[in-house]
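Look at the two complexes coming up: chain A is in both, with chain B in one and chain C in the other.
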Partner chain A sequence: MTGGDVLAILQGAVVTVTLSLTGILIGLPIGLALAVLRWADVPIVARIVAVYVSILRATPLVTLLLLLFFALPNIGIAIGPISAAILALVMNTAAFNCEVWRAALMNFPKDQYEAAQSVGMNAALRFRRIVLPQIVRGSLPGLVNEMSLLIKVTPVLAVVGVVDITRAAVRIGAETYDPLPPFLVAVALYAPIVFALVSLQRWIERRQSKAEAAA
Partner chain B sequence: MTTCSLVRLNSPSRRLALGLLAALFAMPALIGATRAAGLDEIKKRGLIVATEDDFRPFEFVKDGTPTGFDNELIEDMRKYAPFEIKQQILPWTGILAGVSTGKYDVAITAAIITKERKQSLDFTSPIADATHYYVKRKDDKSISSIKDLNGKTVGVQAGSALLARLPELGAMLEKEGGKLGKVVEYTSYPEAYQDLALGRVDYVVNTVINLQTLVAEKPAVFELGQPVSGKSFPAWAVAKGNTELLEFLNGFIAKEKENGRFAELQKKWFGQDFPNLPVAFEPEF
Partner chain C sequence: MIHDFGIVWSERDLLLSGLGNTTILSVLSAAAALLTGFALTPALMSKQPLLGGIARGFVDGMRCVPFLLFAYIVYYGLPSFGIRLDNWTSGLVALTIYNAAYMAEILRGAWAAQPREPIEAGVAFGFSHLGLFRHIVLPPLLLAAGPVIGNQMIQIVKDSAFLTIIALPELTHAASSIQSRHYVPFAAFITAVFLYWGLCLVIEAGVSSVERLAAARR
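Right, the complex of A and B next:
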């Protein structure tokens, strides 16, 4: 393995982190929106969300990606490998995030909500001030769990030509006929990425409990 | 609070659910409806070629740049073609499907010409001789000829022509009173070679060119065996019926053969040239 090879894997790491972050940042609020739609029991829409979540949770990511990549151009939508990869990640993770958020919403004490209503807060304010801060704390472990799974599922994006950490390692192995060293580098790269995510979770949790203690 | 699963839906939403499911399953049917782009359209938007990334010596990536026999030909084609060439590099899995659905115009890789593939694809003139050979571990003394392969575990690439033509080897073994052993399928060859080195399979079947390159690189680990198939040729693949593009590509190959560049690249990447390649090949298998 040469220095150029290590550089190629590091470039793969940039792709892995960028795609995962994009997927997480878009998928997180969409998941929340879907969960709220179901929680509020919006007629028809809540049903559609339920069906969407059921279908997406039952579809393997790689199948969904191949379907998007090869089928969308047939209905006139040109889609490149990167956009197809992001779309598939977002569609997939939003469905799982939706359920995590929804679990927190279902456990949210109704009396608090009613108390907020009785002091004249409108719905948007109630959600932002009373509901959201509490469900974020309840959902965080589940959400971070889903995020770390998303990071580790990115190697399947390679089927459409996205070169992530693992694909970069595979390419080097194919060129040198010696796959072990690149795979060791690849494995060593995933750990700090997921560790950074978990550290972020711990930091948010610590900050929240401090704020609570101060209150 | 809605507690909802597909089973418990009431009737209007069940209809909705079924409709959405039907739409999902109808999407693959739409795939068949595409038509390959003719040369006029390609001139406007450029030629989209798909190549592999781990198929040494035909196409592979070294220090982040694509190289190998096919990639050098693509460089030549950029000068030859009156239109732009856009290259997509991806694993084998999606390549032929991408060509037959029109996502890519041509697969510039070593796709072995088979009867089954000819139903959905058209092939250019062969680019090399790809008679199938087997490779074994150098220290494995139990294999020295074809008949020693009796009952041994073989590794091949899933969905490959080499897998499709294993029955030929089976017939050879049966003539000697033996039979084909367990077949292990891999998504690509690097994994198969690794498993061979580790002793999980006893031999791997691939084209003579790929195996010669492997053995030249790792002479202490692997050893080339004998041919296990009849004639076999790899070529580039376009969507079925895209004759305009096929003619263009065959014209390019003929020109490269004529000016000696083809033989030069074959010597560089395969260690030998193949001066007697047919212009067109009709596969038996």
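Right, the complex of A and C next:
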């Protein structure tokens, strides 16, 4: 394995990180929107969201990705590997985020909501000023956990031809007939990213339990 | 569209054998991972720095590596050390070792949260080591960890789909071959999605019956 090969895997890392960040940034608000729809118990829509979340949580990302990549062009929607990858990541992570947000919403104290109502805040203002700041804090560890899970499933994107860390490593392994070194370089790239997120999650949990103990 | 599902129906044997293989893979590796996890847990809780450190390093290491990459390493990387496994063995070994780390961590958490009194009472009643573990420690531990173990089993079912990349004939692989043979991508993959969903609903039903059992015992 040459220096150029390591560089190719590093370029793959840029793709992996970019796609993961895009998936996370789009998936977070969509997950919140889904959770609010279920929380507000909007008729029919809430049921649909519940079924969507249940199915998506049971679907392996590979299967979802292959479905989107091959079936969407079939019904006339042109989609490239990158767009299919982002769409699959967002659909998947939004379902998991929805559950995290919803748990925080369910635990939200009702009296605060009623107090805000009694001082005449409208629904949008209540949500933005009273509910959101507090549920963000409650959901943060769960959301960071979901981010680390998302990064761990991104190697699947290589299946449709996205040149991420994994595909770059596989390609070099096939060229040099020695797949182990590029795979170890790939592990050395994934592990610190995931470890950083796991440490961040533990740090947030520790800080929050300390703040609760002080209060 | 109906015609496409007709094609999938005509290939139902292939799809069902894929579903069967996914189930076999998941059940075997979940059982093996749970047993390995049980063996690892005491090491994880060990006060001995070397043993505890190695176990902790293994568990944290596995939790930081993507499963697909791990499966690649087992299948394509191990031959560099002269270990050549076929795709079934590689798949089972990869699923088992990888998830054993998660199982060990789940069991450690549940074990640490168990009350000490029943164990001390068991010791006072003269239970031997194995008897103490089997009759006093294990039942409440499994009931407490049941839901999280169920979640991990769903994760194992989903991880098994990654094994399509080492040409293991599981459910996603079966759907892929139907799609490439007849070009019916939507019908083939959506059927697979619903079969995965069914599998997970079965696991969830199992978990909630364990939860009911735990509630009844309390």
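The working rule: the second predicted complex is superposed on the first by the 194 of 215 C-alpha atoms of A that agree within 3 Å, B and C clash if a C-alpha of one lies under 4 Å from a C-alpha of the other, contacts with A are read in each partner's own complex, and residues count from 1 in each chain.
Note that contacts are C-beta pairs under 8 Å (C-beta built on N, C-alpha and C of every residue); 3 or more make two chains touch, one makes a residue touch a chain.
Values in this document were obtained by computation on a predicted structure and should not be read as measured data.
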(request) Look at where chain B and chain C land on chain A after superposing the complexes, then choose clash or fit. (result) clash
(message) A:Arg137 in the overlay: touching chain B, chain C, both, or neither? Say first, second, both or neither.
(response) neither
(request) Report for A:Val170: first if it touches chain B alone, second if chain C alone, otherwise both or neither. (result) both
(request) Once the structures are superposed on A, label A:Ile55 by its partner contacts, choosing first (chain B), second (chain C), both or neither. (result) both
(request) Once the structures are superposed on A, label A:Met106 by its partner contacts, choosing first (chain B), second (chain C), both or neither. (result) first
(request) Go through the superposed model and pick first if A:Gln11 touches only chain B, second if only chain C, both, or neither. (result) first
(request) Applying the touch criterion given at the start, work out whether A:Leu67 contacts chain B, chain C, both or neither, answering first, second, both or neither. (result) both
(request) Could you look at A:Pro179 and tell me whether it touches chain B, chain C, both or neither (first, second, both, neither)? (result) both
(message) Let me test your reading of the model: by the given contact rule, A:Ala46 touches which partner, first (chain B), second (chain C), both or neither?
(response) first
(request) Tell me which partner A:Ile75 touches in the superposition: chain B (first), chain C (second), both or neither. (result) both
(message) I need the one stretch of chain B that runs into chain C once the two models are overlaid. Options are 44-52, 170-178 or 188-196.
(response) 188-196
(message) Can you give me the overlap between the chain B contact set and the chain C contact set on chain A?
(response) 54-55, 66-67, 70-71, 74-75, 159, 170, 173, 179
(request) Note which residues of chain A are touching chain B in the complex, please. (result) 2, 4-5, 7-8, 11, 38-39, 41, 46-48, 50-52, 54-55, 66-67, 69-71, 73-75, 81, 106, 158-161, 163, 167, 170-177, 179
(message) So in the complex, the part of chain B that touches chain A is made up of which residues?
(response) 1-2, 4-6, 9, 13, 16-17, 20-21, 24, 27-28, 30-31, 33-34, 53-56, 60-64, 88-91, 93-94, 97-98, 101-103, 188-191, 193-194, 214, 217-218
(request) Going by the contact rule at the top, pick out the chain A residues touching chain C in the complex. (result) 54-55, 57-64, 66-67, 70-71, 74-75, 151-156, 159, 166, 169-170, 173, 178-180, 183, 186-187, 190-192, 194-195, 198
(message) Help me check something: in the complex, which residues belonging to chain C touch chain A?
(response) 60-61, 63-69, 72-73, 76-77, 80, 154, 157-162, 164-165, 171-172, 175-176, 179, 185-186, 189-190, 192-194, 196-197, 199-201
